[in-house]
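Note that chain A is present in both complexes that follow, paired respectively with chain B and with chain C.
This part shows the complex of A and B:
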């Protein structure tokens, strides 16, 4: 299982999304690592979307979450849906997300695993594990990380995509 | 990230099967990682289970937490197999890390993530109460369900 860096993108000027396009099809799995902060300033956390081939439909997920006080579980039909650290929390804090996508080039529906933490030195922080499914049999050829509330990913946000073989 | 994982063996099912076996596993690595993707043919969800070295005794125990989209729960299990993921009729994925599998002075521990998106997600910490090096692994489901054609099982050795 070699992790081969396909591309790292670092936000130098705030943008609403990051896209990896023309993803090589020669690997077994994909592994995506995100470190992001949102410019959205309402509440303590916002959402990211992670979606494939430019398509924002066909996603379902179930997650287990802890916030330092209690555990909970819920469902979502948003694309992937990790949390992202907000603009109005401690400076210089970013979320951390990993997404493992097996058999991304295959012809089955895409089932994948997501881990997400936001830690901003406040009383409440979040850890979330997510089971996600994209009900689409197309090979994944592009991947987009998008701020879900219409805000931007701030300068210093990064996303690295690896191919595993 | 360096090339720290070496593919030991992969099996992609050409037809349905109730079990998959990895045998004659080399002791040359630090840890093992098993990645299972696919579906079962007959149930919404079931646990994936492992048995090591043919041991069918009551030597396996786990603690796990589950989110099914409605509630978060946690439980323990001590039995004749090691619960090590979940699989259902929706495309599922489980990753199983087996620590220090070749060491002869410690019980073997596992860390697991199992996802069946139509059902939920589960994280598991497991222990096999044996000091024997792991040389074979049998993969089944708890209710003896059938793995589907096309299901894949990848076993990696982790260098360290």
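This part shows the complex of A and C:
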């Protein structure tokens, strides 16, 4: 198994989303790595959405989450939603997310997994794992990471896409 | 002056990264997405509180029936 870097990009100005388009179809799986921080500063958590081909419907997921004090679990129909480090926690900290998408170019529905930690060296930090299904048979040709609640991904947020063969 | 919202698009076939202003439709979709997110957060919080309340009630009932404290029951089930 070899991980081949397709593209990596660090945002130089705050953006609501990052999209990888024209994804090559010659690999077996995709692996996405995200290091991001949100401009959102209200409450304790914010989410990212990860969705395919510009489509935000057809997703179902189950996530497990813990923060060191409590654990929880829930289902969601939002595009797989990792938590993101927020603007109201320690400066210069970012979350760390990895998404594994097998058989992305195939004609079956797309099941994939995601794990995530918010990084914060002074207060509560969260960890989340997500099992997701995108009920769509189209090959994945684009992939978007967006801030879920209308805020931005701040400067320095990075996304890297790997092809696996 | 209002900041122009831009999205970042990376074309994997060329390696070119481009910042593109959001269209009016994309801004509207983003606002709808944010509203849905807030609604989901509120629903999750309500469900979590209901689960916590139910757990507390069950632990209290068990403790009372067994002649133990809630903490003793909690520790035994941990």
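Convention: the second predicted complex is superposed on the first by the 163 of 165 C-alpha atoms of A that agree within 3 Å, B and C clash if a C-alpha of one lies under 4 Å from a C-alpha of the other, contacts with A are read in each partner's own complex, and residues count from 1 in each chain.
Here is the rule we go by: contacts are C-beta pairs under 8 Å (C-beta built on N, C-alpha and C of every residue); 3 or more make two chains touch, one makes a residue touch a chain.
Please read these numbers as outputs of a predicted model, since none were measured by experiment.
K.L.:
With the two structures laid over each other on chain A, which partner does A:74 touch: chain B (first), chain C (second), both, or neither?
P.N.:
both
K.L.:
Check the residue A:20 against both partner chains and state whether it touches chain B (first), chain C (second), both, or neither.
P.N.:
The answer is second: A:20 touches chain C but not chain B.
K.L.:
By the touch definition at the top of the document, which applies to A:103: first (chain B), second (chain C), both, or neither?
P.N.:
A:103 contacts chain B only, not chain C.
K.L.:
State whether A:60 touches chain B only (first), chain C only (second), both chains, or neither.
P.N.:
Only chain B; A:60 stays clear of chain C.
K.L.:
Between chain B and chain C, whom does A:111 touch in the aligned arrangement: first, second, both, or neither?
P.N.:
first
K.L.:
Enumerate the residues of chain A that count as touching chain B in its complex and touching chain C in the other.
P.N.:
72, 74
K.L.:
Touching chain B in the complex: which residues of chain A?
P.N.:
Touching chain B from chain A are residues 1-3, 5, 28-29, 60-65, 71-75, 100, 102-103, 108-113, 129-133, 162.
K.L.:
Which positions of chain B touch chain A when the two form their complex?
P.N.:
That would be residues 1-7, 33, 35, 37, 65-72, 74, 90-93, 95, 113, 115-123, 150, 152, 154, 156 of chain B.
K.L.:
Can you name the residues of chain A that touch chain C in the complex?
P.N.:
6-7, 9, 11, 13, 15-24, 43, 47, 49, 56, 72, 74, 76, 78, 146, 148-150, 161
K.L.:
Tell me, which parts of chain C touch chain A in their complex?
P.N.:
That would be residues 5-15, 17, 19, 22, 30-31, 33-34, 36-38, 40-41, 44, 47-48 of chain C.
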